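For reference, chains read A, B, C and D in written order, and residue numbers begin at 1 within each chain.
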Amino acid sequence: MWMKKRYVLDNGGEQYTAEVATHRDGRIAVKLDDGGPRDVDACWVQNGRALSLRVDGRMHLIDLTATGQRGGLAATVNGRHLALTVMDELRALAQRSVESTVAGGTVAAEIPGVVVSLAVTAGQKVHQGDAMLVLEAMKMQNEITAPVTGTIDEIRVEVGQSVSTGDVMVMMTAEVGG
Amino acid sequence: MWMKKRYVLDNGGEQYTAEVATHRDGRIAVKLDDGGPRDVDACWVQNGRALSLRVDGRMHLIDLTATGQRGGLAATVNGRHLALTVMDELRALAQRSVESTVAGGTVAAEIPGVVVSLAVTAGQKVHQGDAMLVLEAMKMQNEITAPVTGTIDEIRVEVGQSVSTGDVMVMMTAEVGG
Amino acid sequence: MSERKITKVLVANRGEIAVRVIQGLREMGVRTVAVHSTPDRTALHVLVADEAYEIGPAPAAESYLRGDVLIATAKACGADAIHPGYGFLSENAGFARQCEAAGIVFIGPRPETIDLMGNKLSARHKMLESGVPVIPGTEAAVRDPEVAKKAAAEIGYPVLLKAAAGGGGKGMRVVREPAEIDTALRQTMGEAKASFGDDAVFIERYIENPKHIEVQVLGDGEGKVIHLFERECSVQRRHQKVIEESPSPSLTPELREAICSAAVRTAESVNYLGAGTVEFILSQDKEFFFLEMNTRLQVEHPITEMVTGTDLVRAQLRIARGQGLPYTQDELRQRGWAIEFRIYAEDPAKNFMPAIGRINSHIAPSGPGVRVDSGIYEGFDVPIYYDPLLAKLIVWGEDRPQAIARGRRALMEYTLHGPGHNIPFHLWALERPRFIAGTYTTNFIDERFDPAEFQDPLPDDDREALLTAAALWEARRREAVRTGDSPASTPSAWRLDARRRMTGNS
Amino acid sequence: MSERKITKVLVANRGEIAVRVIQGLREMGVRTVAVHSTPDRTALHVLVADEAYEIGPAPAAESYLRGDVLIATAKACGADAIHPGYGFLSENAGFARQCEAAGIVFIGPRPETIDLMGNKLSARHKMLESGVPVIPGTEAAVRDPEVAKKAAAEIGYPVLLKAAAGGGGKGMRVVREPAEIDTALRQTMGEAKASFGDDAVFIERYIENPKHIEVQVLGDGEGKVIHLFERECSVQRRHQKVIEESPSPSLTPELREAICSAAVRTAESVNYLGAGTVEFILSQDKEFFFLEMNTRLQVEHPITEMVTGTDLVRAQLRIARGQGLPYTQDELRQRGWAIEFRIYAEDPAKNFMPAIGRINSHIAPSGPGVRVDSGIYEGFDVPIYYDPLLAKLIVWGEDRPQAIARGRRALMEYTLHGPGHNIPFHLWALERPRFIAGTYTTNFIDERFDPAEFQDPLPDDDREALLTAAALWEARRREAVRTGDSPASTPSAWRLDARRRMTGNS
């Protein structure tokens, strides 16, 4: 008697489907979208913060921590640090349809700081990588550059203004095909 | 507006009373039975597993962990490891009255193991420190000695028997004045 | 020099260096006093000190840089001495003088030495006098863009703009053509003013593709100076060191002898007192130039300690007590190889942008040849106000290949969740042929580092394991939500069953 | 000797030594294979290995001692070699022979050497032949109490009963008068049978108040032998080492030279291959006698590594590969002082009775001169079936006083909650005048240790802090129960308020 559940895992835009089957007798089998089902020997360790997996004798120790975001998961495997989003299939579907209709973007502060200079104005065209503003944080002056080539729609900050993580500083529209 | 609560702390038989007063404005004052009230600057750190206390500028870092027992608390301060029991006043009172009526005792296994030999029999007089039995655990033969001088009432184990932590192995009555 | 009693020391710093200094002082039986800004009440250096006092609000200018408050605190709690660590007031001659005036030992060099070395121009003059080679450049501070352009033209591009009062890699900018001077000068002066309270900037020839070599020295203030050999610190981002090693893979025994002698000459020229570091720039054709002298303990001092078998905090205290140098030059030998990895809260994939947040997991590596100097613990909130250095991983090996392999092993073992950090960068660096060959220069990161390499596909094995783990995590989380159990406690049944299956008993 | 390929090694052990061996092999680019009993599925050595296989149920006799299963596992997964660690099959000549027969490299000496040294009687004969001093005693195994009494009378009381196949301090008993012989012989034979599968016991003169000195050696199996100086391991309980240091505070340079030469002679007499330790007993009048040779890596090998700047696991692998000795005798120097503290799950106040349980907290100390070789992690359940060694804390200092002070500092920093452990014992030991003077002997614990001293009243400061903390803990717990919050999250309000109060802003 197997109980199955399916999840969609998003790693920086790449999506995978995983099916976890648990048997009444305790066995676990995992099926990834590009492979057949696989018995795994899985133990939670370090007070549930890491998973020790054995697949055909090979050991994998994966540290896992929930991030603040919905479904967000930070994982470390063999010194590689990855950010994942775990979703059910419905949400994954919904997300894909939203992404395809959005052609613009926002530039938000990644860290709290103070805006010390602005190099662009609304309406201006910028190339990907162009300097837009300088944000002082942790005693460093950080140049914030355009993430894509396109047009500046709106500047939402002023020189001297303090911003918090996530505050939108610039809104822009990407050039079609840019 | 101070809210007060009183606790009894038992450290190996020695008991202290502590009164914790919390003010609506967040201040904390602690009064120990042998002193006046004292403002403390207290911060929980290490995900709530240790308490950083400042009293007159002096810092104390106290690791605290609940043990399995009711009110049991393992604490480390400056490399000293202590086992405490925290009680309310009623329970402390009840415990004191029970202790004063018991004149005997039990010898329980501190660790799971196998009894490999017995050196005493029921009815026998023993002196504190006399060998009573040998318990093999973790590949070591551990000699279990009489905790007090007195008489063996009952042997509850046999040679070859496995015991678990807490299993009573010997019951004895302490000699009056012994 | 007469001996001075030091039995209680106020450590005027925070983070890993304050912890390391407290550890060292405690081992000498000295009572330790921490100071902290308001949000640092729960910082590790405060938790581990014998005493701790709050000195002001979050901004360093109102707390860790308040010399008057520090001295008043030291007097009030009866401290004999102040250890400044690095950064903050460690190279502030005025503060050293105030300590002296208040009858408190400043654990560092004499104020005149700090003054002289703290100003790049006066240091240059002194080196020219002492016959230590210096880089061609302006002899006076420059504030006017036009003057700057003229000076740069004379020196020849590329040139380097440097804050006269700077240090630790802050307040420096390379300028490759006249058009860039205006902006660069304004930004450098701005940073200089913000960081050091002095906007003086000077200009010097920029050495292309150099190596950064520095020499640790100790002086007794009575003319005796010894060196503890070199460190190479060429792996830098934004002119700040990220990985350091000792010995340097770039020095022949002859060059080592020459550069260490020049460092001793530098320290002797100012009759140096205490621990200091003489920094040199080494050109591609193995010419070396005096860069600056740091009149304090260095972030990267542990690699010297591991290779020479010394304790620099202990040496500092002994010298401050007037007990002289703890070693003779003859006793000192380099043994094996040490590498330090600075663990910063920053995102290497986003141009090393600083990160903040709560430390969710911190399990530092251990075992043979591994030292960790940490300023954090699980549950600590990394504040935004200060340097984003969380910890330092230092590894020692019998030789350089072993030190590299050990560094890799220890970095892979390092568990750190919460703010973004640069452990992936270190692992990347250790695989670069230039690093392995030891031929990297200070341009290593700019030239070689491509954040896209972090997005390299995982090996199939690892990818499958990761996806499996994520799916099991989600299954556990939903189960926990459904049953109300804490996630950590549910999976024991799986473990037992999996075990049964492996042994074929089910 | 021709070179042998070793690219994948099965580590036939568990706990901290398996972890340390895996770390060392990984640093050499070797693939690592762990093996484990059923309950050890979540043991640290299994988590950190590249591969892991289950080899049987909990009892060692059915898992870690199953040579046939180990060899089959190594063959099945393609391992070239087996590293036995210490204990278990590390000194089992039969197993070494089976490895050889199966074409798997046994990382250790030749089976003949293990046979010869593993039997105390044949080892004695060999030493007598080679002119290495031995303790007077029986030349044959004794099983009959009457024979034992006669032999003891000839040797002279006190005598020591020792399991011929013993090691690691197990299976030894001192007998001071004829009446004790019966019981002691029965118990020793029982332990010998249970631990080593061989009840042969022999009797030798018991040296009163001796010191235990041992010398680390490396041999290439072709006649070359070097020593890595001595370790002193006189702090013992139940004849098992608890604290070790290197150098020994008891040796003059002349005595060091003599004892190290005797160790080299011992190893040369058997044309030793690999890493081994020659143990000596040092009497009060500085006579030394051969005790035994341990033909494997020793628990306390890290102190030698720290003092000599070497890596013994790396040396073992190189020798096993037929690459010869990695050092010459001339290169090796002792630098500074190292002390190892074995962290056991045991209760020092209850006659060092072993303890078990879940590791609730484990924050190992770090910083300068501190190494921790650990076999545990937070959340691990210490099983009952094996040796209760949890971890080893090793400290290095410039000199012995600094090493002691550093040990004290690191032990105070060590957070370990869950099973009872002996950190309080170590702190007690470091304060004893005999330890500080370095004049302690193997009777140190029996003579000097009084568990009542653990119940000494705390200093008033600490006691008040402790009681305050316990009361605040209880207040938080009850608050958490009332509000349903997890205890860790509630007290932030206190923190904020306390902070506000300190700055006088409320």
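In the analysis below, contacts are C-beta pairs under 8 Å (C-beta built on N, C-alpha and C of every residue); 3 or more make two chains touch, one makes a residue touch a chain.
Quick caveat, the model's predicted, so the values are computed rather than measured.
Each step here moves to a touching chain, and the least such steps from chain B to chain D number 1.
A comparison of the A-D and A-C interfaces places the larger number of contacting C-beta pairs at A-C. Here the spacing of chain C and chain D, counted between their Cα centres, is 36 Å. Averaged Cα coordinates give chain A a centre that lies 50 Å from the centre of chain B. Computed centre separation for the pair chain A/chain C is 31 angstrom, with centres defined by C-alpha atoms.
Across the assembly, chain D contributes residues 41-42, 48, 363, 377, 379, 408, 488, 495, 498-499, 502 that each touch 2 or more other chains.
Annotation for chain B: residues 41, 43, 46-48, 50, 58 touch two or more other chains.
Per the contact rule defined earlier, chains pair up in contact as A-C, A-D, B-C, B-D, C-D.
Remark: chain D residues 19-20, 23-24, 26-29, 38, 41-42, 48, 54, 57, 302, 305, 309-311, 313-314, 326, 335-336, 363-364, 366-374, 377, 379, 397-398, 402, 405-406, 408-409, 413, 488, 495, 498-499, 502-503 touch chain C in the complex. Those residues of chain C that touch chain A in the complex are listed here as 170, 187, 190-191, 194-195, 238, 347, 350-351, 353-356, 360-361, 363, 384-388, 408, 411-412, 414-415, 417-418, 423-424, 427, 455, 458, 461-462, 464-478, 486-489, 491-502, 506. Residue ranges on chain C touching chain B, taken from their complex, read 34, 41-42, 46-53, 77, 377-380. Interface residues of chain A, counted against chain C in their complex, comprise 5, 7, 9, 12, 16, 18-20, 22, 25-28, 30, 32, 35, 38-44, 46-51, 53, 55, 58, 60, 62-66, 71, 73-82, 84, 86, 110-113, 116, 134, 136-143, 165.
Touching chain C in their complex are the following residues of chain B: 41, 43, 45-48, 50, 52, 54, 57-59, 61.
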